[in-house]
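One chain, chain A, links the two complexes that follow: it is found with chain B in the first and with chain C in the second.
Showing the complex of A and B:
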């Protein structure tokens, strides 16, 4: 990708949630902790990690679904972290969200045309009633649904079709940037490829930029230009996807990659897996220093004392590990 | 001498709902030898879980086994009374489920729940014996500090630990067959890798057979000896893991394999299977996959294909395997 212009700029973003324990003592869940990265125009940036690593929270903080604790989110160079109400609305139009669960994210009492049309109404994009109906029909055809589906309710659709409705709703306001939060995880295997193709088609036609959140590294490899790996609220590795799969530098990424079940009996039965011990620690009480050190097979003393910085190891390969390139 | 551990013959299971009869499983046959791992692959609604639930009598109203036989270790399970079946289920066949939280009882400790399986198997045994065996089981499934863990409740366990605890409960009866229904679907990839390694390890140690139900082709490639692919309540293809992955015959299996993103090559466009999953209430009279099939023939729409068996045991239910298929008229791609 030549000529990279930045669309979304994230600097030191923190998203903490306050919790109280049984004796009323306050604590924080540091769901996203000091995250800095850029998303370039027209690219698909993948975000992978285990549940509890903060990928969804990061996506939501960026779109101001949550109010970030500190740090900035800039879109097209404008800091939107402090905007409220009317001032935020034009930026809401630029950024949309596709949810994981197509069963929970559509209002069962609204017809498809209401669901898609609501987005048009809020942003005043439809001039007249007939214009609104035309636009809805156009959107439905675009995502591969029939125009007669407009008057139906969500329960009349299969999972894949519902996800298409979700996509139509997101692209209705002509956004620049869409956060796709596990868009295919809830779908059957035979339907996944359909939805991924539709998303890619939309990207080509409408010049969209995606943040693609997923725990499925196979899908991420296929769809994403660059990939960020998250662990316990931090980005531990960020690099072009080709490079990530060929030459992972962070021990967590290495383990993640060998953990994927491969649909090929030859390689699956022979390869050496790195099996990580234990589970992801609680974000309420994260380990000191490097967050991954409790499960890392290479951890040394320095890892518990110093937090590794996300540094460029050359060619835009960002890793946060004290021993990057040495293991 | 018959050395099959499990033999299922023309099993039919239906659910009688207000909307009509849902034929969840319509006539499947397979067998499993001791110590083997059989992978059953299919999407939701393909009947992969229901077919295995029948083995230990977990089909409840409005569901009913309407035909066929299930022979486990020489005994016909489908004709047993509830009491008789109780001896088989838990002692000789154990099951683990997808979501370990809903399958563990939240008001009993893990120790209680393992003890229940032990009492079921061994009858009246002493408390010390129960404790000793429970600790052994928990260490076998890789849970640290087993003595302390026994007195904890399921909510104090994480997802991966709960799945381990459930495996421990299943192993308490020293079963000959373990049915694992999507055992790792609710878990993260790193935890999934741990649990799969654990299952392989235990299988090596105990020599039990495993029926592994999953939608993830990657998992069966790693674990299974033989594979069954199900679609619309029927087996569309079965064979050894190598022949299924190397020479898939059925268009559905081919489509599934093709639609997966390849980890080693960054492909251009994915080739999806067209159309939507079938509605079991309205099964077509011909092949269930015909409406989505790219190579659909005229005969596929009206007639059910037979199972064609090749020399290596690879069986495919598809008209394309018939010799007459070459002369038959191909219906233009009728998928949406």
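Showing the complex of A and C:
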């Protein structure tokens, strides 16, 4: 990270979903709550956290799949949070999404060439029919598929191949930034490495920036330059990948890191696993102050009164904890 | 004897890496076929559906060509040949006025099929678009649109059909007489026009509900989100992703609507509100035959059998078509 120019800037992003209970009383699910961070050009930013922590929602609000409740998302310095329809279209081209489930993310009624070609059509990237076919073939080869696959339907492919089709669709519009939403978690372990290698290869060739959402800390350590840890809609720690694994500062991150399976049973026995009490609280009714205090072994009075800010503890190590560095 | 230990037999040149051409021949490749070509192949493999399709085509051909090549015209009264039994001269016999029943049944099938198909297409177009918009936009749009459907649904259909027919008869009649009406309206007659109008007004609600339900389930699918991320317009999401993915349901409902429309038309003709004499539909033929059912049962058997065969074939064909159009059924 010598040359840190910001590509995506997220400020106080909130994504609330309205829910109604049986009596008709309104409530909000605070899926993403006041999230602020930057994504630098060319990096891979990992986003980890347990189920329901808002990782996917964050990725989706950034790309305007959902309309954010408040806050701003800037790409190349332009705030796209309020753009609609035609105005948003050129920015759609800059940001793409790779979905978690390669079985649900491809239209079963469309051939591979139509799935990839749709991206070209929408943004007018293919001049003629033959140009379109050439570009599709080129994209398929690029992601490691056979050009003969173009006329087949998604159900004729394996999970890994389907995910490659998803990647081809995403890079078809020549984006700058791609949100990879757990791109390998639905795949066989044997295929994961291949897909991750393909993603890394694409990044090198096309100068892509990734937001890599995952709950697999091993994969994140391998692929990401920086990692953000999410808990209940908040980013609790954001730091360079190696530093996170060596020196986690937030108690939640500490607990999370001890949960990585250890292949050596002898080391595993010696290891001090931090087991968190209870469940992740409901995002409808989150705890006051620090969201993690209900499960935090170090919680004090201040934690229930004041929301800790995400602050720099030096060297770009951001933590939101009142006792960062002291525990 | 060549044993495995006999290393001399295993020459080195047997173990050269394969060239690209050799690899290409080893690769098993299915020729790429289009979606509809594929569906057609699968439909042909289904014997029942193919049989039903053949029957439908035969009936359609008979309904179109039959009356033209028949030696008798459907309104031609042959004096002295009333109430004849089926014979070589009159395959289905003749009716009480001495008209050839075979020709009249073919004309009746023509009218009934036309009513069924045209009504089903109208119902489908209206229902699909209405249901898709309602399901896709959701929220208050959906709420209002579905309440309208509920209202239309709660109306006693047959009663409205009869009322509308009576009310519409006069304006349509004067429109035709004014001379501005296109020729096809003229030949259809008031009865048929009001049947179409009524079906277009009232019968689309089933289709709208089914399509809406499908769209509600489909619009949360990730491939729809993917299209959104790519920047696809609502219109192209609805027509390129959502509707093609409920085509199976749409076809089943449409094929069920064809016999339903034929039934409604028959019923209306039966109570004298459908096609007017001397024009015949399968319904009006059955009604006329009912008067002499004890003496001349064959007069009822032929049109009734025609109705049954048409409806059965459409049901079986629709079923086969649903399987054929679903790529996931591919073996």
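Simple rule for what comes next: the second predicted complex is superposed on the first by the 327 of 327 C-alpha atoms of A that agree within 3 Å, B and C clash if a C-alpha of one lies under 4 Å from a C-alpha of the other, contacts with A are read in each partner's own complex, and residues count from 1 in each chain.
The definition used in the following text is that a contact is a pair of C-beta atoms (placed from the backbone, for glycine too) under 8 Å apart; a residue touches a chain by one contact, two chains touch by 3 or more.
Predicted model, so just to flag it, every value in this text is computed and none were measured.
Colleague: With everything superposed onto chain A, say whether chain B and chain C fit together or clash.
Modeller: Taken together on chain A, chain C would fit alongside chain B, as the superposition shows.
Colleague: Using the superposition on chain A described above, determine whether A:316 touches chain B (first), chain C (second), both, or neither.
Modeller: neither
Colleague: Which of the two partners, first being chain B and second being chain C, lies in contact with A:63: first, second, both, or neither?
Modeller: The answer is second: A:63 touches chain C but not chain B.
Colleague: From the CA centre of chain A, what is the angle out to the CA centres of chain B and chain C, nearest 10°?
Modeller: 80
Colleague: So, does A:297 touch the first partner chain B, the second partner chain C, both, or neither?
Modeller: Touch status of A:297: no partner.
Colleague: So, does A:153 touch the first partner chain B, the second partner chain C, both, or neither?
Modeller: second
Colleague: So, A:109: does it touch chain B (first), chain C (second), both, or neither?
Modeller: Second partner only.
Colleague: What is the contact status of A:169 with respect to chain B (first) and chain C (second): first, second, both, or neither?
Modeller: A:169: touches chain C, not chain B.
Colleague: For A:101, decide between first (touching chain B), second (touching chain C), both and neither.
Modeller: The answer is second: A:101 touches chain C but not chain B.
Colleague: In whole Å, what is the nearest CA distance you get between chain B and chain C after the fit?
Modeller: For chain B and chain C in the superposition, the minimum C-alpha gap reads 7 Å.
Colleague: Show which residues of chain A lie in contact with chain B when the two form their complex.
Modeller: 50-51, 158, 160-161, 188-194, 196-197, 200, 215, 217-219, 221-223, 241-242, 245, 255-256, 258-265, 268-269, 273, 275-276, 279-280
Colleague: In the complex formed with chain C, which residues of chain A make contact?
Modeller: 60, 63, 65, 88-89, 92-93, 95-97, 99-101, 104-111, 118-119, 122-123, 148, 150-153, 155, 166, 169, 173
Colleague: Hey, which residues of chain C end up touching chain A in the complex?
Modeller: Spelled out, the residues of chain C in touch with chain A are 29-30, 32-35, 221-223, 225-232, 236, 240-241, 244-245, 247, 327-328, 330.
Colleague: State the interface residues of chain B toward chain A in the complex, per the touch definition above.
Modeller: 43-44, 158, 160-161, 188-194, 196-197, 215-219, 221-222, 241-242, 245, 252, 255-257, 259-263, 266-267, 269-274, 276-277
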